[in-house]
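In order of appearance the chains are A, B, C and D, and numbering begins at 1 in each one.
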């Protein structure tokens, strides 16, 4: 009989849990802003800065009295960057009556979730999902982003390698993951189409491996004069360090995932001379400086990846509500596409596809231990 | 006196944990800015928590031992709720009716989100029951079960993408491909036993995932396949909410079907052979059972369910990429089987609900979600090592009942 | 030829790391027959502890050598303590449980420890202080082998020798071998099984910590997730060599490391893991108990 | 008619010769015992003829089910069982977590044929087959005196009962020849006596020949029609119990103190 009682207790707890989460969605006196992304698991470091950015923006706005007389409320949900979790996350946000979403973080999870938002006429804006299909395919009309897509970044890298560095033999390396491989694929295609340089090596490495000396040897043997790497900084720093330690002077060009302070710290003197694309320089942008400062004050360290993009996304969404005076899908879409908003990334608006206008990439190079924009 | 010693022990435990968590919980350095942050408050927290938990753990373990001893002493096993549920018709039938009623009205009283996660949980119930054939019944430790799940999901995604084939058309294909891959894995590993088998199946799972990741022309690589059609109802496409409910009922149907099949299988000639194989491979062969065939049967049948669920999964998320089919997924499904009690159908169902719904309901704890999840897994195993519900063997009627054998009661029929 | 040698050296470096972690798997397996899935996390915690201590000492202005010694020492002690505690909390209560139950407990522990470090520390990659200096005498050979690679190879070799001596000649080593062969017999002749198991976990975890420190200073950064992949690879290495066999773990690690290195060098790194796992399957088909494993033909 | 005909059977493990030129014939309705000191190769011999090991050379011929002669060297154990040889094990190998009845039902496996499809749809044929399996298994349990523990788990049986269950399980495979590996080991005199009767009853009622390995000399002498003596992998004597008891070589090599 005892286990029966236990069962009843467990069941009732579940039922209460279910009901309470339903009850939560009753009121509509606030503007509900969802923040979805990876907040746990191996990709958490790309999702957590977004939550923090959204918190700062919302805190600011609420202190100033909110928008249209309503406070903004954050609904933060984890999707572990997994598509199946992302659909649950999206459904949950909608069940809770979300009005707008900042997210998701990974392109795959974003694609899985967009259909569900679209069905409820909810706009989602990602600070980090760079897969070109999201805006170019037309399948996701409710999708916006404050980051340039992979092809734009690849274009910049390839043009830089061909026009400025005048490389002839290029090795294209990636980390086999969504972002890195997508980028590398574009870079390879652009290079092949241009016909001005030869792709001597096109390969994926295993992220998180303990040693990359084999691929470094292979690059050396391919006699490439430059590498275009698609992926994130942990692997990039390992490869660059092993190359330089082996006295290889091969030029290393990479992406936004590598333009990170941790890269500089880890690779140290070996980082010197590495090129990486990144968002246009914001060191003179007062909002960016203030946002970074706020993070430093609160968490005692530099903000992580996509922090400013998320900051901008949150501002852009809230600005659209402010300007249109509505939370209606059509009004918001119109506002996003017509109104400019001041963000850490500069003054931005969105084009018809959902890509941000005014958000672009520049090429940076590590000089004396810091990233310097190459003009 | 006893209380005092257990206080003392718990105190020592809390000291030990404060020491253990010192560098990671207390110190936080920022090597870039060269700042050290000392979080002494955390140390107190750890000390306090570990003291209380240690006391509680001691109390419960003691109670558990005492109970076991009392049962052993008296020699009489009290009629537990579980036993009554399985063995007394009058008790089981109303409960079954309540459960089925609840299952039917569920999507109409709860939100789409609840229905959606319930559908996910049901998918894992079926996956658990499928893996249960391989691990629970045949005793073959399979750490790469997710590979077949991926096979099913990709067969639907690709056939849908290239040829526009529908859910119902691909379902049998996915199941068939799952079985084929099951055999493919089965052949090379026939000679392997126990943990060697485990690592090879793990490797197989990884190989499938890596191929999906690298072979762009075939699988579109890590960026995955988007816009997979949801299942249609007699040729009409439903809206999102209706479709969620529809999928929920498809899964309810699947679950009933799977329970029916697995239940019949495990009490059949084949099922007995699986269990015999698990219990003693040598004796099993000496009794005239073809080891090779029995093992392959188990692999193929287990994989069939995974293949089918893969199709449902792809239809539910409408987007798949290789990241959904990692080793962790296999580990979760395996945990469902072991936690449920190897070979027990009801156990697998309960465990699947716990392990899949728990992380969803733990969302309230936000950051601490997965921490608690891992913790609960350990605690459950420590307190119920044999699983939530240990399997009850079926009893048969024999002797004078000339005629049919269908009169016998089936334990574990749900 | 030079290319071959370079790949071989890379493979050996990789393999040594796998071997160090694989030893923990194989020793625990030999004694209690458990695949300790949380072992990779112990390795990660070792690396993290070393990182924290080394960073603190750096900021406090200690000199290079004392940082290296202190950080390694503390990391090894802490890893051992974690290994010991994990065994007591998650495995010991399950000693008489069905075979797979401790495995699930281990998976739970692994998830727990990962998230513990994620929450208590950070989700970001942390730069690991360069504990291994670039030796001047290595300068002429730098294009073939780096200082950290050399240190990894030498340390691994030294650790292996120490371990062999420990297992072969000390009293606790003998008790460990006895327990591995027959637990109940060992108990009858007066071996304290609990103690042997604890010591096994302590030694295995210390080795993992050494591996963690070496890898971390070789690649320069860590996060809470590094234990997962390293753990799986090391586990593969342990099985490849014959799980339960100590020389087997070393050999397995090196074979695995070299296979990956050559697969990358001569074929494609896209499929390096596929090659590694295919090799594993092939070896196990022809030698079902691994390269050095005793094939246990069960007595009928 | 001879049921089992082993000629020149030799088995090497690496350099070690475990069996050296063994010749044994078992006729219908015969009870044959193999005796010999520990390590003489008796169990190895069993393993060779039941397919656990593949002998190095020699022939094993069985006139089994269906009346045809089969050479069974190197066949898989399950095939050997199909040919009509069934065995028990020295260190009891039951299926501990299955019920007593199910243990016997497993023995029926090679004589039945329900497939996966049959199991799922449970047509009338399958139902009938299942019914027959249950009934005949129960019948066997009654024969070995386990009718009161049908639904107990095998692991909960007493030692002597487990031995009897193993015999019932072997009988369920419908053998022509039953191989018993030390069936009386660990039994008390009373249980041994019951076993003696059981073995004779099996021979008489079921028409099954029996080949057994046993150390209990009293049992062997009272039961056997023929005794084979092995030592160091060699067959040193063969004959009726009386012959063996008087064979000087056997007395010297093995029986020594007891019978001299």
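Note that in this section a residue touches a chain if its C-beta (ideal position, glycine included) is under 8 Å from a C-beta of that chain, and two chains touch if they have at least 3 such contacts.
Quick caveat: nothing in here was measured; it's all calculated off a predicted structure.
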If each hop has to land on a touching chain, what is the smallest number of hops from chain B to chain C? 1
Which other chains touch chain C while also touching chain D? B
Maximum number of contact pairs occurs between chains B-C
Farthest CA centroid from chain B: chain D
Averaged-CA centre spacing for the pair chain D and chain A, given as whole angstrom: 71
On a C-alpha centroid basis, what's the spacing between chain A and chain C, in Å? 34
Per the C-alpha means, the centres of chain A and chain B lie apart by a whole-Å value of 33
Gap in Å, rounded to a whole number, between the CA centres of chain D and chain B: 42
Overlap residues in chain C, where contacts from two or more other chains coincide: 115, 122, 126-127, 270, 273, 300
Touching two or more other chains in chain A are residues 40-41, 176, 204, 262, 265
Chain B, residues touching no fewer than two other chains: 28, 31-32, 35, 214, 282, 367, 370
In the complex, chain D residues that touch chain B: 50, 52, 76-78, 81-82, 86-87, 89, 93-99, 101-102, 105-112, 114-116, 118-120, 122, 126-127, 129-131, 133-135, 137-138, 150-151, 153, 169-170, 172-173
List of chain C residues in touch with chain A within their complex: 3, 6-7, 9-11, 13-14, 17-18, 115, 118, 122-128, 130, 134, 142-144, 146, 149, 215, 218-221, 223, 225-226, 228-230, 233, 257, 260-262, 264-265, 268-270, 272-273
List of chain A residues in touch with chain B within their complex: 1-4, 7, 14, 17-18, 21-22, 25, 39-41, 76-78, 81-84, 86-88, 91-92, 94-96, 106-108, 111-112, 115-116, 119-120, 131, 133, 139, 176-178, 181-182, 185, 204, 261-262, 265, 300-302
In the complex formed with chain C, which residues of chain B make contact? 16-17, 19-21, 23-25, 27-29, 31-32, 34-36, 42, 61, 135, 141, 188-189, 191-193, 195-196, 198-200, 202-204, 206-207, 210-211, 214, 282, 327, 331, 334-335, 338-339, 342, 367-368, 370-371, 373-378, 380-382, 385-387
Can you tell me which positions in chain B touch chain D when the two form their complex? 261, 264-265, 268-273, 275-276, 279-280, 282-291, 297, 301, 393-399, 404-406
